[in-house]
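Next, two complexes with chain A in common: one pairs it with chain B, the other with chain C.
Our next item is the complex of A and B:
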């Protein structure tokens, strides 16, 4: 066998090992979580972990018995959909404006805001929302989660808008389009998959975000992820119920990602619009 | 239909001046070609007319209307872009009807205009296709169709043939020319290809560094270039240049010390100037049967083109090209006697390149 063929074989083998390791690393906690949610409470924290056990739904029963799970799920949905919509409403024109004007500092500013730890926002927001009597409102939660969704939408869409040849916009200008109309009639249809990807990513990140809801929500507006925190007590933690809640919380983003994974990849790599 | 008038136009990008001070009058129905090397400002000038670039100072009129600061949409011009700039998500029909739809043109009229333009350009069968399903030539036609349906005051073309292969380029060039004669609309066409400029234009604007070097008919620009830049830019292969001086009542090639036979009128001009740059187009060399009153050259390279043959040779410290009859069948190493055809030579001032009359 030639040296080149040997090298190829080695590279293929290393690639496989690498993928298996990465897969294990990523999937192991998820599998652990799902399996634990079906174990009896005493087995959840058993060491070494039991791989063979009698599956039970007792954690899920406990979860729905002790918490208004559906109501929290509805809260999560309202906050996530609201903040995703808000992110799209402002993020799409913002990304287009940054691409159009080639003035990038606003986009960098939103990225910096996204990179800053969430705790940085908590105190000012808490004070601000309390002053205007909005603590515990959906509006406060949706507005705070826009800090997560807006940068995602901007930064996912920016390369998509940049990928559209400038001359297409100029042709539209000559044809009689205002800038707003160019965005609506020309640019937006061309970045539709990018918009879908940014919406999905914004949804997932907002759905999973914990900190703002913990502080800014109340009993009526608590989101699922914040509610799951209730199972962690000072004296003892209800690991089984926590795992059941975590499994249910993880379900929508996972299903969403699985449904659109092909689109997700093509949307993320969207760079140029071929004529 | 409208004239275009540019007065004292200046275009700057920051501290960099692209167009220092430009005046240009394009008559109604005229086909004007802007030609020049890369970076000469020809596309910038076209984009200024289109309204895609703001003017730093000066005035621009389309018809009687001063259009400085007027949005492209309000200028009533149509533009064909180098990359065609079709809307990828729209069918050909929608690409062509889009501008009319924006103006609120009635549907029946849109339909009639699109179909008329499609028939004119032979693209009726593509109307339901998306741009990605078309070849380069077909896309080019759609881009022209999109401009035609507008029935604009002026058409602007920004190097629209540069992405086509040589055969198609020639074909579309002829089609645009025919179209201009049929539509009788003012057309401004940008190209770096001097053959396109020569074949299509009523008048050519030769630009260098944002300055008009010459603005005239193709024939005049070819026959009477006003400076060495224009002379070298227009014509293919380019004009040959040789430094010459007037010594002992004869024209001498400065670096070779050899006599060059000139007609009486050119010799008189050289005698007045003392020294100059002599310009001879490759096609304006003639082959002499003997060495008297001619320049003997050694053939360095032969390029047979079929209709004629190009021979490359060294003369007066530089390379030169002559276009000769293919029946001559020159070979590398052959010695050939050449002389410039009387009345076909050009003399330029050695210091500033301006033509010496």
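Our next item is the complex of A and C:
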């Protein structure tokens, strides 16, 4: 065998080793979380840690028995779906108008939310919502989370709308179609996959968002993420239930993200990178 | 079509466009622009313990300049930022190169790589809290099995910042890697072929050709991470709440606690406006850098 072919094989082997190593580093903590959630309570805190055990659902049962996990989950779902719907409702027409007119300031304005620390908005919201008695309401939570979803929808959809040839619109205009009609009847079906990606990303980031619900929710409207403390507070003997909670909270975004993984990164960079 | 008819359609079209963006613009003004202006106003107010507010001029800002906790928070924020960004860019570029040379990436592998940054940071904090437990955690067990000394991780004032940086880097290095991978895949293959013909070593090719061409993409990734890292909150709040002591009290955590634990809304507003100015400053600086390395 020639030297060159030998080096080539060596390099490819080295690359595979690095890939496996990286994969292990990325996967191991998540796998450990899921495994711990299925461990019998006496084995979760076993030292040295065990890898082989007889799996049990007792942690999940314990979690739903001792905490209002399901009502938190329902709150999360209401806030997330509400804010995603609001983001789509406001974001789709805005993205279309920005793409058409090339007047980009409305889109850039929404980016402020992506850059400023959330506490900057939370302080005035808290004062305002308190004055009108809306602290703890779903409305306040949905409105605040829509600040997360709206820029995602607009910036994921912008390149999709930009990708439609102008001639398509011009032809429709000649036929006497109004702009609004063009959006709903012609443009929207053409960017359906972009809408799906933006909806899923909006859902994921709204679901994952921590800060706003920490202050704007109350005992009845607390989301899963904001309630994470309630699960931690119980000390190391409750590790099993804690890991069960963590696994369940992470499940919806992970499943949804896997569905759109191919388009995810270009969407996440808000148009800064075409991937 | 006559001229007047044409202008009429154009006017109509402008109106329709305005109507389409109106809901988003009204929402953004109501929920972002107005609240920010309101925060600026709040920054000039003081709130007494009974909640009574009064105009205070620049008192909050002169307090800030003299506040040890502010400067400490700024130091923690910058230390955490620099460390995390360096780790994520370094390992992100490495991981991107490894992925690039793997040629074909099955969807399952891709899903695996995006899983850390698609899960809530709060969940990442919860899982690492258990893994890094000083007495019963798996991390110290592995260290000891390798003959290394165990660490107190999040419970140690010295190690808490590097540990938080490590957790965040676990979450976001794959994200940086996928952005850089996109940049690698868009490079023209001809440059590599030319380098190969000239007999350049793989390392030289990377240093002289790939890296300079990749710099704009890397700077973009740095901007996107900077925005998140400078307002670091979730993982710290769930794991240490700024502790032990005040060792991980970033500006965002400090501002949040001043506002919502001590209810000093005026001073918290001044803190948050300062942090926002820092974030925007960093983004502007990186944008200039991106202009300088563009090709």
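Quick note on the criterion: the second predicted complex is superposed on the first by the 214 of 275 C-alpha atoms of A that agree within 3 Å, B and C clash if a C-alpha of one lies under 4 Å from a C-alpha of the other, contacts with A are read in each partner's own complex, and residues count from 1 in each chain.
By our rule, a residue touches a chain if its C-beta (ideal position, glycine included) is under 8 Å from a C-beta of that chain, and two chains touch if they have at least 3 such contacts.
Please read these numbers as outputs of a predicted model, since none were measured by experiment.
Chemist: Please indicate which partner A:207 is in contact with in the superposed arrangement: first for chain B, second for chain C, both, or neither.
Modeler: Touch partner of A:207: chain C, not chain B.
Chemist: Answer with first, second, both or neither: which of chain B and chain C does A:138 touch in the superposed model?
Modeler: Touch partners of A:138: none, neither chain B nor chain C.
Chemist: After the superposition on A, what does A:53 contact: first (chain B), second (chain C), both or neither?
Modeler: After superposition on chain A, A:53 lies in contact with neither partner.
Chemist: Based on the superposed arrangement, let me know which partner A:124 touches: chain B (first), chain C (second), both, or neither?
Modeler: second
Chemist: Could you tell me if A:184 is touching chain B, chain C, both of them or neither one (first, second, both, neither)?
Modeler: Touch partners of A:184: none, neither chain B nor chain C.
Chemist: Mind working out whether A:250 is in touch with chain B, chain C, both or neither, as first, second, both or neither?
Modeler: Touch partner of A:250: chain C, not chain B.
Chemist: Per the overlay, which chain contacts more chain A residues, chain B or chain C?
Modeler: Of chain B and chain C, C contacts more residues of chain A.
Chemist: Answer with first, second, both or neither: which of chain B and chain C does A:165 touch in the superposed model?
Modeler: Only chain B is touched by A:165; chain C is not.
Chemist: Answer with first, second, both or neither: which of chain B and chain C does A:175 touch in the superposed model?
Modeler: Only chain B is touched by A:175; chain C is not.
Chemist: Can you pull the chain A residues that chain B and chain C both touch?
Modeler: Of chain A, residues 178, 273-275 contact chain B in one complex and chain C in the other.
Chemist: Tell me, which parts of chain C touch chain A in their complex?
Modeler: Chain C reaches chain A through residues 13, 16-21, 23-25, 27-29, 31-36, 38-39, 42, 94-95, 98-99, 101-102, 107, 109-116, 118-124, 126-131, 133, 135-136, 138, 141, 170, 174-175, 178-179, 181-183, 186, 202, 217, 220-221, 223-224, 227, 230-231, 233-234, 237-238, 252, 255-256, 259-260, 265, 268-269, 272-273, 275-276, 279-280, 283.
Chemist: Give every residue of chain B touching chain A within the complex, in rising order.
Modeler: 50-52, 71-73, 77-79, 81-89, 98-99, 102-103, 131-132, 139, 146, 150
Chemist: Quick one: in the complex, what on chain A touches chain C?
Modeler: Answer in residue numbers: 11-12, 15-16, 18-19, 22-23, 25-27, 29-30, 32-33, 36, 45, 47-49, 86, 89-91, 93-94, 96-98, 100-101, 106, 109-110, 112-128, 143-144, 146-147, 150, 154, 178-180, 183, 204, 207-208, 210-211, 214-215, 225, 228-229, 231-232, 236, 239, 242-243, 245-246, 249-250, 253-254, 257-258, 261-262, 264-266, 268-269, 272-275.
Chemist: Write out the stretch or stretches of chain A touching chain B in their complex.
Modeler: Those residues of chain A that touch chain B are 165, 167-168, 170-178, 181, 186, 189-190, 273-275.
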